[in-house]
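Structure, as structure tokens:
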Amino acid sequence: MLLRLRASLSDSERHSILKLCKDLGYSPKFLGRAESLLELEGPGGPGDRSQFEDHTCVVQVIEMSESCELTARPSQGEDTVVTVGQARFGGGWASLIAGPCAVENIDRLLTIAGSVRDAGATILRGGAYKPRTSPYSFRGLGVDALDYLATAREKTGLPIVSEVLDPRDVEAVGERVDMFQIGSRNMSNASLLDEVGRTTTPVLLKRGMASTVREFLLAAEYVLAAGNPNVILCERGVRGFDNVTRNLLDVGAIAFLKERTHLPVIADPSHAAGRADLVAPIARAGIAAGADGLIIEVHNAPEEARSDGPQALSIDEFKRLAADVRTLLAMDGRRLSGDASADSKHSSDSDSNRGDSTRPESLEVKHHA
Amino acid sequence: MLLRLRASLSDSERHSILKLCKDLGYSPKFLGRAESLLELEGPGGPGDRSQFEDHTCVVQVIEMSESCELTARPSQGEDTVVTVGQARFGGGWASLIAGPCAVENIDRLLTIAGSVRDAGATILRGGAYKPRTSPYSFRGLGVDALDYLATAREKTGLPIVSEVLDPRDVEAVGERVDMFQIGSRNMSNASLLDEVGRTTTPVLLKRGMASTVREFLLAAEYVLAAGNPNVILCERGVRGFDNVTRNLLDVGAIAFLKERTHLPVIADPSHAAGRADLVAPIARAGIAAGADGLIIEVHNAPEEARSDGPQALSIDEFKRLAADVRTLLAMDGRRLSGDASADSKHSSDSDSNRGDSTRPESLEVKHHA
Amino acid sequence: MLLRLRASLSDSERHSILKLCKDLGYSPKFLGRAESLLELEGPGGPGDRSQFEDHTCVVQVIEMSESCELTARPSQGEDTVVTVGQARFGGGWASLIAGPCAVENIDRLLTIAGSVRDAGATILRGGAYKPRTSPYSFRGLGVDALDYLATAREKTGLPIVSEVLDPRDVEAVGERVDMFQIGSRNMSNASLLDEVGRTTTPVLLKRGMASTVREFLLAAEYVLAAGNPNVILCERGVRGFDNVTRNLLDVGAIAFLKERTHLPVIADPSHAAGRADLVAPIARAGIAAGADGLIIEVHNAPEEARSDGPQALSIDEFKRLAADVRTLLAMDGRRLSGDASADSKHSSDSDSNRGDSTRPESLEVKHHA
Amino acid sequence: MLLRLRASLSDSERHSILKLCKDLGYSPKFLGRAESLLELEGPGGPGDRSQFEDHTCVVQVIEMSESCELTARPSQGEDTVVTVGQARFGGGWASLIAGPCAVENIDRLLTIAGSVRDAGATILRGGAYKPRTSPYSFRGLGVDALDYLATAREKTGLPIVSEVLDPRDVEAVGERVDMFQIGSRNMSNASLLDEVGRTTTPVLLKRGMASTVREFLLAAEYVLAAGNPNVILCERGVRGFDNVTRNLLDVGAIAFLKERTHLPVIADPSHAAGRADLVAPIARAGIAAGADGLIIEVHNAPEEARSDGPQALSIDEFKRLAADVRTLLAMDGRRLSGDASADSKHSSDSDSNRGDSTRPESLEVKHHA
């Protein structure tokens, strides 16, 4: 049996729940640093479950056999909608995240940010800490880049997402971004998942390059189990045997995830394609399979980009793609966040479950916790 | 140097071209049984190429370094449009191929055939010879099934496609079908490719389950090199490491192929998904990535199907998918073959590049029109 | 229920067994062209099985659920030993097959054949019909090459193995070789498997480049079900995502197969490595994992070889490898066929389970002994 | 240009080298937290390189194009021998690492430790922090387990290796273990690689489950670039499409790595096989392909093990495997560390480059820094 505890317990609360466990004959043990999951071993009795459920520190009692409980669709009747500024993901809403691969300088960033906002993006992406295969490659500008992103947010109104690589950086990055990105290389990094799980900042979690869908969901489960319900899954292509594309976008996984989990699912066609000429058709395929949005590398001068240049779309290409996305979403009665007309039309809908009509300036997250 | 020869040379013509080769100092050798490719070895001279080009038996002179010459887009300015009855593939046209996995009995086949025609299909598919992993599995009804398919064509007007597994069956199958299917397991079966290449019947060529795109194009090159220009490439998913879907539909390969080759490309979402609930989103992804059509398993009572039942769509599901496909095609100004309104609208269009009215002689194939 | 029938039934025998089936209320149907498997559908009764078992045309009665029955180890207490000339595979014996990738000319072939025999090979390999990715590549010398191989057998005493690609060639190739090779591309070619299954010539069956072990065993089952028990499985590497080697030799599959099936298993390190410098360590790994032999490309002037040259070992490299193989086999009390001392030593052993002296009738195959 | 700096520079030293860079017109930037790599951008001049080489803070000047410089064999004439207690890896020495998957209790650990030492192991492995797919799985006993391991070292004399998952744990784990293990999931975790790279404790680096060999070498390059030369590469199988084994041991990669890098390479047959019955043949294959040792899960009661039980060898199975390994190593004139006779024989060799004859009690590392 596992107990999921409330975040930020006081010492006396922690003592109280541990005492109850021991009194009932269990040997309790915390799983992970986050101390939000307490594993109980011992014979126990049939009435114990309800005693734990009644305790004020306990959010949920989980049987060991019910793995993936928190990500599974049956656990909630409807989609989780993750909201970041104007962007909404899930529940009939899709959003576009766009920006340069790595943040290189403030002028270029501002140019790109303004352009992608005008073209339909509602979140700005930009790499501050870059995971690199070689230790000798450019690893990003770090905190300087985060400050540039904050400036861009101020000037454009776009919330920002950036990758965090190290659990020791979670606090500093969390103070500056509106959404964490966990990259493919770190999908199975439990320390990092635990750490972002202890915040309430939304998390964009990318699938590992050879991870099964079950492993992907269990990585999200780490974040949810640590207390953060705001996870967006991102399919970015798995490693294949051919090299005409950098990775193989798994549209079947997107379709399957939309059935299996209540969490929103988006696609990253830039890393799947690895070449600009194939980004748009792959992006369209992702939306057609059911994705709730896209994260795309866009550059105002793709040929000059220092990292991953060949896969960045130009501003014009992004604008054309955004138009296609609108058409694809309309097929299913879905909408792109940030579209003025769509939003106003939507706010008159009776479908009040989807999104929320009053959004504060910078960042709001509504969830069912 | 390779010489591609006209099909059906007389003995004296064959003698004449072999004599020319030897007179010029080459040692000629036929590649494959089809005797349509003649490999020349020897020092040769700079003027030889033009002498061969002038010979009436020679269709084309190919330098050894120019592999994939016939499938490559640069070799023709525009898309090849393959036409099978009302169905057109390529050049802005897409078509739906539908039917049961294996042909089981005539009544069921007629029911399914009529239903898929009414729902938008323009070709009927049905397995007569089934490739099976186990020797103890049902391998199809063979010639009986082909006869049932012929009856269904007569009653519904739909042309038929069925798989051929053995080079010795090419003649018998070719007499009965309007398009050959070469399955994944046989993509690299040169004998079979040579044999269907000697006909003019269109060939639906499926990608091997772990074949690269280059290998796929070279398999098509076998058919084209043997003299048959009517090849439709079919992406049906590659083998992956996960099992939530049976295979992984490679939408990047579809997008890449549309750039690289003038041949039409379709998708097989049924074998990619391996489960009915994911067929429609995967099919939509394929069209959104640029596919010129779909081949889908449809069954009027999917739960009773003897082979591959769990992946067959019901008639109603297929009808809804066809509606989605129309919307997706319209996004790009493409059209679904067989749509009465679309066809009449199309013939009044000025867009004469799309469709078959101006296609060159050698590529036009009409079957049972 | 399936009936496996004797090969070469007369018309009256065939009529007799079909009549029995119908009299008992079954509807019988042949699976495949070989007409060695008869599928029965119908309710049937509990005593039917023994009636079929008693019929003189029936070799075996197979329940549909018992797939892989013939390849499974439980079906025979001990290893099948496949014997080809002096070469023995299985039951504690291993053998080396060596020779050029493609047969190019008689002089070179004789040189290589003599050298590999002196270095420890007991079978000569050589490609007559070559499967090629491109239609414009050298496809082998065909029947001429087979005749060269026959000459080499005469001069060196080595039996020969060569690939057959087309079911129409099985008869002609079978007249000239001592063992058929079925290549990776044809592992799932049921027509070809049926056809070689109707002979008694041993079959070297290579695993498909992305085939599961279960699919591999079921391919062998095709040959056994058609009546030919003399199958050697060959692991040659599966397709991976890296390119430091051409394929990934699956040593775990070798170890697994040795547990699961009574058939001999060998390794092809040449196609796994794709580069000469890695052939020897990969070959050693295969034997250490349990393989009953190797098939190796050897060339007296590897740099001049027309096809696959970079992966051919020189004569000296092959000789050194053969010495390593002897040491590895000795670790398990296994022996290399053709070693004079080993053979004589072996015949005086009490270990009569190993080797061919007590093998049952149906499995014994002697060629050109 | 990159400068690799000495570890533990004083502030004034750091200032001095940064000043030199700026004086020569470069804009310097540290790569990663370890501050051991300084990237220089700017035009620079032809004589700059030698000025940097002369600076006392600079260990090495690396041109950007020379990636993988430190792991590449050409950079050192001979094998790096990594020594951990009596265990030596590389330069003709191999060693066996054995122990339970997870450390569960002190009694069982002591039993296993004593048994594997007597059977030939020279390092004890045991999981204290376990990477798990599910947040609800047992994640190891943490520091308690490390203390148990330290006790086992004291009682048996075996040095210990254990996995570190979090950069924040590197110091605490480093105080207790003789070798860090970096698991497959963390092969690309640059923060963790940087952190262990700042120590001199040997690092056992496992290949990612879908990492190319180049990516694997670049991960090792992170550790070497940060200043720690004592890296042992561990091939543990890559993810495949079949499930008869858990992973696919890439023996070709082992052979390739032994050519390409001077670092020792070992194999992990337990995680490759995923089932005890195939561990021994896969282990033998790894050694036969050139591996300098093995890491094996051994348990005195495999059926009771809490994590990964089905793949643990019993003590007896491990003993038999150790005997096979000795035979395989002898084939190449290699030796197993810890074998009394081999060691004494070796110390009389003139081959003084291999290993070192005088070893202190617990842990010694000799490297070329």
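Note that the chains are named A, B, C and D in the order they appear, and that numbering of residues resets to 1 at the start of each chain.
By our rule, a residue touches a chain if its C-beta (ideal position, glycine included) is under 8 Å from a C-beta of that chain, and two chains touch if they have at least 3 such contacts.
Remember, predicted model here, so these are calculated numbers, not experimental data.
The most distant chain from subunit B is D, comparing centres defined as mean Cα coordinates. For the touching copies subunit A and subunit D, the fraction of interface residue numbers used by both exceeds half; the interface is of the same-residue type. Each chain gets a centre from the mean of its Cα atoms; for subunit B and subunit D, those two points are 52 Å apart. With centres taken as mean Cα positions, subunit C sits 34 Å from subunit B.
Multi-chain contact residues of subunit C (touching two or more other chains) are listed as 210, 214, 239-241. If you draw each protein chain as a dot and join the dots that touch, every dot ends up joined to every other dot.
Only residues 210, 212-214, 237-238, 240-245, 248-256, 258-259, 272-273, 277-278, 281-282, 284-290, 324, 327-328, 331 of subunit A touch subunit B when the two sit together in their complex. Residues 239-241 of subunit C are the ones that touch subunit A when the two sit in their complex.
Those residues of subunit D lying in contact with subunit A across their complex are 2, 31-33, 37, 39, 62, 64, 67-68, 131-136, 138-139, 165-168, 185-186, 188-191, 193, 209-210, 214-215, 218, 221-222, 225-226, 239.
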